[in-house]
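Consider the two complexes below, in which subunit A is the common component and subunit B and subunit C are the respective partners.
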Partner chain A sequence: MTLLKREEWQGFVRDVDWTPTYVDYEAIYPEWHCGTGKVPREAWQGWEESYKVSYPEYVATQREKESSTYAVKAALQRSNTFQDLDEGWKSATKMHFGGVALVEYAAVIGELKMARFGLNGSWRNMATFGQLDEMRHAQITTFFGHEFVGQDAQYDWTQKTFHTNDWVPIALRNLFDGMMVAPNVVDLAIELPFTFETGFTNLQFIALSADALESGDVNFANMISSIQTDEARHSQQGGPTMEILVEHDPVRAQWVIDKSFWGSARAFAALTGPAMDYYTPLEHRKQSYREFMEEWIIDQYIHTIEDYGLKKPWYWDEFITGLDTWHHGLHMGLWYWRPTVWWRPKAGVSKDERAWLASKYPNWENVYGDKWDVMIDQVNANNVAATLPETLPWLCSTCHLPCCNATPSRNGEWKVRTWQLDYDGKKYHFCTNACRQIFWKDRDNVNHETLIDRFLAGQIQPMDVGGILNYMGMTPDAMGDDPDYGAWTRDYIGRAVEGIAAATVQGATQ
Partner chain B sequence: MTEQVRKPRARRTFSAFGEIRKMPSEYEIVTHGQNWTTRQNRTSAFEQNPSSAPNMWFKTYRDNSALQAHDWEQFRDPDQYTYRTYVNAQAESELKVHGVLEEYSAAGSAAALAPGWVETLATLYTPSRYPVHGFQQIEAYIGHMAPTSYVTNAAGLATADFLRRVTTIAYRTRELQLAQPSSDIGTDHERRVWETHPGWQPARKAVESVLATYDWGEAFTALNLVLLPTLDDVLSRQFGEIARDNGDELTWLLHGFLDADNQRRNRWSIALAEFAITQQPTSASAIDKWVARWSPIADAAAQGLATILAETPEIPRNADAVTAGAKAAREGLLRGILAPAEAVAKVSAP
Partner chain C sequence: MTQSRETVELGPADRAPELVPLNAIFATDFVQILVPVTTADTMTEVAAAVAHHVEGKRVRALPYEKVVIHNGRVVPAEMTVADAGFAPLDHIAVEYLVPKGVS
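The block that comes next holds the complex of A and B.
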């Protein structure tokens, strides 16, 4: 005798909804958390996941994954690979550990919300597996990051980042609170599993595991590829929710997906963009960030939303143009305000690297070359202090990232500009037009002080760089600095700025 | 940036643990301070308008709950479960479950059950997937709202335990449906029994009422300290014993395996209540008040189920004895945290 097949009995696990009578339905499934909106309640009875899994299968599979991931880690711990890793790659891992570990945990809190308020029993069961998966991701990422704390204090930010008021975690908390935990579960299932997990985490995980292997960091590649294998299971909560919402309220579906795609794209430009185009050693780069976005996100994304009968987001042109600018501007911002980050941002603008950038982004020299030349000249004049920040940039009131996007003017000159909005007696600044539009539409939720607002209101004391670093929780042992100034400046010792910049452009276009 | 920064002593662990002499355990490393909405010096749970609806919800139902402790991050699950510990233990335990399911299926035991016992299974056991799913939802809410990741993780694992229990019930529902084709097991019968059978109604009332209880401290007290200790005793311990009396050894064995999950949940739930009371004496009166509010509701639920156990089995059990047993089980569990004299003594002797 063998056991009954899952298909024979799983219907009973999925069929667990009943009609409450002692308490109003609305008291158990408050609209505010459930967000059924224009979708009739009965419509959720049709919610069905495509990839079924049972509890005993789950624990058996996951036990195997856990033991193999930790076995690889234990084996590698005995070899001394960490010391041999490139500084740029190490920075990419620090960014990842600090920027991701607790985001995985925010996903635990979000999945638990769907496990409670999801509008169908099988959805709530899926979310129950989902919260387990995310607990795994949070724990494994935290534990792997912890291993290096003794060797480099910046890894302390694996756990610390999101407990601080550093500008990077403020921006990320704002994004992830708003799409993983705070929304009603219908919006949440579209923002987290649908947009973020099926779209963007692929980018982070596929790109980074390839880069990790190139850089010889087998342990890291092992960790993130194992994490990625869990996504297929819980990310499928998005599809069935999307189908039902699109059928009954396509306008809302379009808005929710557009808003979360935009927010995710901004955050990835800040984190994945610099890691791919600047931190990864030149010889290990396979694709530029733009090429990667085109291959892995854009085609697939447009394809997916069109399958659901939705349109390209209203901001599409602005987004596509931004693939050539956002992450370059943000990279420069991260490098310039390097004392505020928990990794060592490489400038990555040696001659060869610039040639590569110019070949991938034909406008790069035109827009960014002269700004880096100023930095290069200061470093070569032995005046690094002049390249350090004394002020703060405007921060966007929607994405909370610096307003540092260059756009072309009529005369062909590229200029950094901000979009503004006067609302309720106050002037708001935005990095992009779409950030301004999203703010306006969602202003009850997102209207929230940026770090600059806090600074100007006197909440940060003293009002200088020291006071700001202290407010951000930054300590001298974790403060970012360029790992090797010589690496990107020695090519230019003794040269005239104009000439070299121009020569690089020429070389790239020949 | 060019001047040499004095090299500080190398860290051994996250700075979040402060100046400690003892290295934190793997459990602590992966559990400590994971939920950023509980971080210190926050103006609101979420990084958005402090008076947004989500922020007001967390402020009202979590941060302002009467269940308080001055530093929740000091709480520890007595079992120190991590995700890895959990899947290892549960995969192991599920192998045992599968072992007995196969063994009893080979012996054809489901077909050989006495009619009165089949009816009991159809009335009490197979419909219980509905309330257990309700427990799963409430436990998920407790985890969602908990003021520290140490509690969220324990509650998240307990949420999965309920899914495990529903899965076991579902499996046996199908097995009994095949073995007892003349019963109405595995039809819409289960839902009807849960929604209308008089024996179930007080339990359904209890589950629906806790589902609609949003203060996280009260939801935790109502479910983990009152309703579950009471109903576990009826649906797990006593039901298992009665099953064995009625020749259904498989049910008895399965309940024995799955009861380990209940016991683990009880351990951290009691530890949590003790922790809150020790750290913040006013938590004791909040727990007292909630226990007093929910105990009669839990007793009524037990009483309703007891009527089924007194009626349908070939070898029944006295209804009052079932109810009294359930009440005693709960009171035994809560003894240490409820007696005011003891609670006061604990607080004054830190």
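The block that comes next holds the complex of A and C.
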């Protein structure tokens, strides 16, 4: 039997946009889900993608990927590789497992929405494969993390994280609910496959895979690479959607991409920034987070938006300035509030590490060195308790991350500013000007309550550190702590100490 | 004879102290923090409450007086939170009053 060529059957089996006769078109494709807006519905007929995968091909390829990934895993289970991994790298993987596994599951919902409400058969077909991809990613990430639960209880947060009210998953839930669950499918395609997947995760997975190999974690690299091959395909739903949207409604296209780029960049600063510049052992660092962002994210992003005739976002200067501060402030916050996280954050500020940081970020010592010095003195005075939190950091009402972004003053001093907004009888605080602007423009959207909102509303009882940790689902066996205080403080033993830290030193040594 | 019941609106000074959660930044600290104070606290006490979480822990202590800044103005040290009109969730900054000529 002669097989038909692909181009002879592809359109026939895939493009199934028949004309309904016994039900309104609007009932099948309601505007609030389909989100066509100013785009004429017929314009979506031009939506096309280049992969043109059939179901049998998809299944065969995915089977092959799964087999090879699990074969490597099975082989490595017989080795001692895990025991030899650096604690910093392990922390990076714990952040990844916990922060990603169930986001992949939320992405299943996003893909299913596009598979149901996308206004073109080829889009719906692509999204059907996309949801199968995301299901695989949720499963493979959960399974790979699960392997280590018996050895380290923090890996239990692979599955547990998004079932808790820890402040990190609240921040991510807010971001991804806004990106995958709340929007219509046109906005969703711009936010998820176009901005987040094409702009961030696709490239980050390549970098993360390289870092994993460098750190000797072949298993993790193997898992990440396998996932990335799917991302490369289903993220291609973004381009054709953007092409049509930008032609008919460029203002909306600009706003959606601007908003989602900002939210993605904030989350990346919290999760990828500390992992690259502090947790990865110095000898394994290939480039700084800023260099990574400039080379892999920003250049590509600028090319992409220019290709579509769009402009740089209005917040561009604030974003670029933030590449020198956001993740350093967030790292300090993750470290100081370490009992609230499910990994062991390395401080990563030994003399050699500080020299590296100062070489990559010329203002680092000026902005962060003095604070680390005070904490180093406290640790060296056997007063670790002084480096543990007794209150909450203020969490931004848009990104839900701590408000910890210093900016320079005219006198050269770097300070954290207040960005606040009185709206509807309530006062809101933000970490940056752009977070405040996005909140204002998007104020009718669903916004989760921040942990501060919940605390002040009396939802967290008792209203103390123990009550907060309990509300977050944090247990002593998973609670974060520095893996090796001596690693970053021993360089400074014996130096002269000033101020209250000096008084504490004397008190501690008497 | 009927007794009239008068209701008297108590001023802030006559009421029991009420909790006022504030958004605070201490000097050059790296993060805004939540600091609960009461309507009866003076600015000296407010500055101390904020400093408790930061001074000598993340920001090196300086031997200078501390002042509270609210809506861009320094609030007198003896003034209470109630008299200064602080509302819940207001932002304050606590700064050292560094003498001129000292860097």
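As a working rule, the second predicted complex is superposed on the first by the 490 of 510 C-alpha atoms of A that agree within 3 Å, B and C clash if a C-alpha of one lies under 4 Å from a C-alpha of the other, contacts with A are read in each partner's own complex, and residues count from 1 in each chain.
Criterion: contacts are C-beta pairs under 8 Å (C-beta built on N, C-alpha and C of every residue); 3 or more make two chains touch, one makes a residue touch a chain.
Predicted model, so just to flag it, every value in this text is computed and none were measured.
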First, second, both or neither for A:Phe455, with subunit B first and subunit C second: second
Partner chain(s) touched by A:Tyr336 [first = subunit B, second = subunit C, both, neither]: second
Touching partner for A:Ser54 - first (subunit B), second (subunit C), both, neither: first
Which superposed partner A:His284 touches (first subunit B, second subunit C, both, neither): neither
Which superposed partner A:Lys371 touches (first subunit B, second subunit C, both, neither): second
Which superposed partner A:Ala406 touches (first subunit B, second subunit C, both, neither): second
Partner chain in contact with A:Lys360 - subunit B first, subunit C second, else both or neither: neither
Residue contacts with subunit A in the superposition, subunit B compared against subunit C: B
Subunit A positions touched by subunit B in one structure and by subunit C in the second: none
Subunit A contact footprint on subunit C (complex, rising order): 21, 23, 25, 28-35, 52-53, 55-63, 87-91, 93
Subunit B - residues contacting subunit A, complex: 1-2, 5-6, 8, 10-16, 26, 29-37, 39-41, 45-50, 52-54, 82-84, 86-88, 90-91, 94, 97-98, 101-102, 105-106, 129-130, 133, 136-138, 140-141, 143-144, 149, 152-153, 155-157, 159-160, 163-164, 166-167, 169-171, 173-175, 186, 190-191, 194-195, 204-205, 208-209, 211-212
Subunit A residues touching subunit C - in the complex, by the definition given at the top: 329, 332-333, 336, 367-368, 370-371, 373-375, 378, 386-387, 389-394, 402-404, 406, 413-416, 418, 420, 426-427, 429, 452, 455-456, 498-501, 503-504
Interfacial residue positions of subunit A with respect to subunit B in the complex: 1-4, 8-13, 15-16, 18-23, 27-28, 32, 54-56, 58-60, 62-63, 66-67, 70, 101-102, 105-106, 108-109, 112-113, 115-116, 121, 124-125, 127-129, 131-132, 135-136, 138-140, 142-143, 146, 149-151, 153, 156, 158-160, 162-163, 165, 169-170, 173-174, 177-178, 181-183, 338-339, 384-385, 388, 444-448, 476-477, 479, 481-482
